[in-house]
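In the two assemblies presented below, chain A is common to both, partnered first by chain B and then by chain C.
Entry: the complex of A and B
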């Protein structure tokens, strides 16, 4: 019964979407603002990756808000799982196989290295703080899969998360004090396509990388603790 | 251009959105509802990226100096989607955490058996 009502409702929604989208051609020239970012992003932010120049250049304040949303979601998960959590005893988990254990140990540093590469080169190549942080969190997930009783230090994780979050805000405040605008790109832009270019963009992306990595590792930690 | 090449991406993206909504509306298992929300999320992300697509466009990255900006796709939707994906993961984890708490409270994941959630 619910499925039938649902399908009727969705048919109405689909007709509405279809009528609205009939006017929006696929693959048409981009929006005016997108064209502006592509034309002027290189000179104005110094980042070779136009997506990065939008995320931490033109819309860096918006990104600060998105980082906050991520933080609140991770915090909410921790609160939901730990608040009044009457845990029903530890279940015995079967230890991981030898292949998984040694594979996790072998791959862990390499995945961390790749994650750091992804967020440190966010202004040059596809990638950035969010993607690099997710890669780093996947390394911790592999670590947990290899050894269910292993725990990363909560104090260190929280310290990494807080310090990188503070670093983002402080970089913004430095821009405010130097140039009069919050998150202003006050550092020299350097030459395009080199690692040390684009001013504060790589610094912010490194901070975001650490923050997202620590937060998602914390999410994994909370969920693993719940099942262990 | 034929109808299919003009609208295939939109149909695919909103197909995922509608499938996700249908799962949310019709399933009784909480985990399946969360999977539906995740599919919904994916569809929206796919739609945003396809709005920014330019026919025969390349990635908006100036990997060599002196590249022309004309043939590149719109960077704005990609910038929106890349944060939305990570936030989607965190929200999914939050939903799963709530499911864990509900299971502990009621001893079931069936929405029909949770007294306060009847509709």
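Entry: the complex of A and C
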């Protein structure tokens, strides 16, 4: 019964969205600012990836807000789980199978490496701090699946998270003191399409990558710990 | 390309409906994971690789894990 109601409601929403979007030409530019970013983003920010030039270049302050939202969400989850704490003794956990255990051991460093690649090359190739951080968190998830009793150190995790968050804010303040604007790109832009280009953008993305990775791994850690 | 995308959309819709219908909540979680995975493929086809990566790693991997971990605390079957 509930499923039928759900499907009917979904159908109503789908028809509504369909009717609303029927008139909009697919993929056509609707704002002038989008065209401007595509045309001038590369030389103005030095980032070859147009998405990054918007996310950490033109809209870096919004990204700081986004990082803060994620931080508050992870903090709230940790607080709720700790408050509800009262662990009812550890349930006996079955050890993982040999395939999962050795697979996790083998893949963990490779996934970490891929995550670091994604956020370190955020200004050149698709991806960035958020994606790289999520990839790193999924590596820790695999680690937990492979070894049920393994835990990452909470002190190290929170230190990583705080230090990278502070790094983002400090980079912004340096821009304020050097150029007069918060998060101003005060470093040389370098040659387009090289690793050391785009000024502060790679630095910010490395900070976001560490922060998001530590945060999401912490969320997984909190959940696994409280439900074990 | 349009054929592959159409097939993917049909599978995605079927998985979404299945996620609603399944009484076994673990199967429903996996079905919603399929929805996210296909959404990330479709984002890739639409030339949005940044969004596709975020959707694949967060929507398909981490959210599914969070749901599965939460299921361990509750009943596996919907009443």
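As a working rule, the second predicted complex is superposed on the first by the 203 of 228 C-alpha atoms of A that agree within 3 Å, B and C clash if a C-alpha of one lies under 4 Å from a C-alpha of the other, contacts with A are read in each partner's own complex, and residues count from 1 in each chain.
Simple rule for what comes next: contacts are C-beta pairs under 8 Å (C-beta built on N, C-alpha and C of every residue); 3 or more make two chains touch, one makes a residue touch a chain.
Bear in mind the structure is a predicted one, so any value in this text is a computation, not a measurement.
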| item | value |
| --- | --- |
| Dominant toucher of chain A (residue count), chain B or chain C | B |
| Chain B versus chain C as contact partner of A:25, first or second or both or neither | first |
| Partner chain in contact with A:134 - chain B first, chain C second, else both or neither | both |
| First (chain B), second (chain C), both or neither touched by A:118 | second |
| First, second, both or neither for A:223, with chain B first and chain C second | both |
| Which superposed partner A:80 touches (first chain B, second chain C, both, neither) | first |
| Which superposed partner A:180 touches (first chain B, second chain C, both, neither) | neither |
| First (chain B), second (chain C), both or neither touched by A:6 | both |
| Intersection of chain A interface sets (partners chain B, chain C) | 3, 6-7, 10, 27, 49, 51, 126, 128, 130-131, 134, 216, 219, 223 |
| Chain A-facing residues of chain C, complex | 16-17, 20-21, 46, 49-50, 52-54, 57-58, 61-62, 65-66, 69-70, 72-73 |
| Touching residues (chain side chain B, partner chain A) in the complex | 5-10, 14, 18, 21-22, 25-26, 50-55, 57, 59-65, 69, 72-76, 78-79, 82-83, 85-87, 89-91, 93-94, 96-98, 100-101, 104 |
| Interface residues, chain A side, partner chain C - complex | 3, 6-7, 10, 27, 49, 51, 118, 126-128, 130-131, 134-135, 137-138, 141, 216, 219-220, 223-224, 227 |
| Of chain A, residues touching chain B in the complex | 2-3, 5-7, 9-10, 13-14, 17, 21, 24-31, 33-35, 37-39, 41-42, 48-51, 53-55, 59, 63, 66, 69-70, 73-74, 76-77, 80-81, 85-86, 88, 124-126, 128, 130-131, 133-134, 192-193, 212, 215-216, 219, 222-223, 226 |
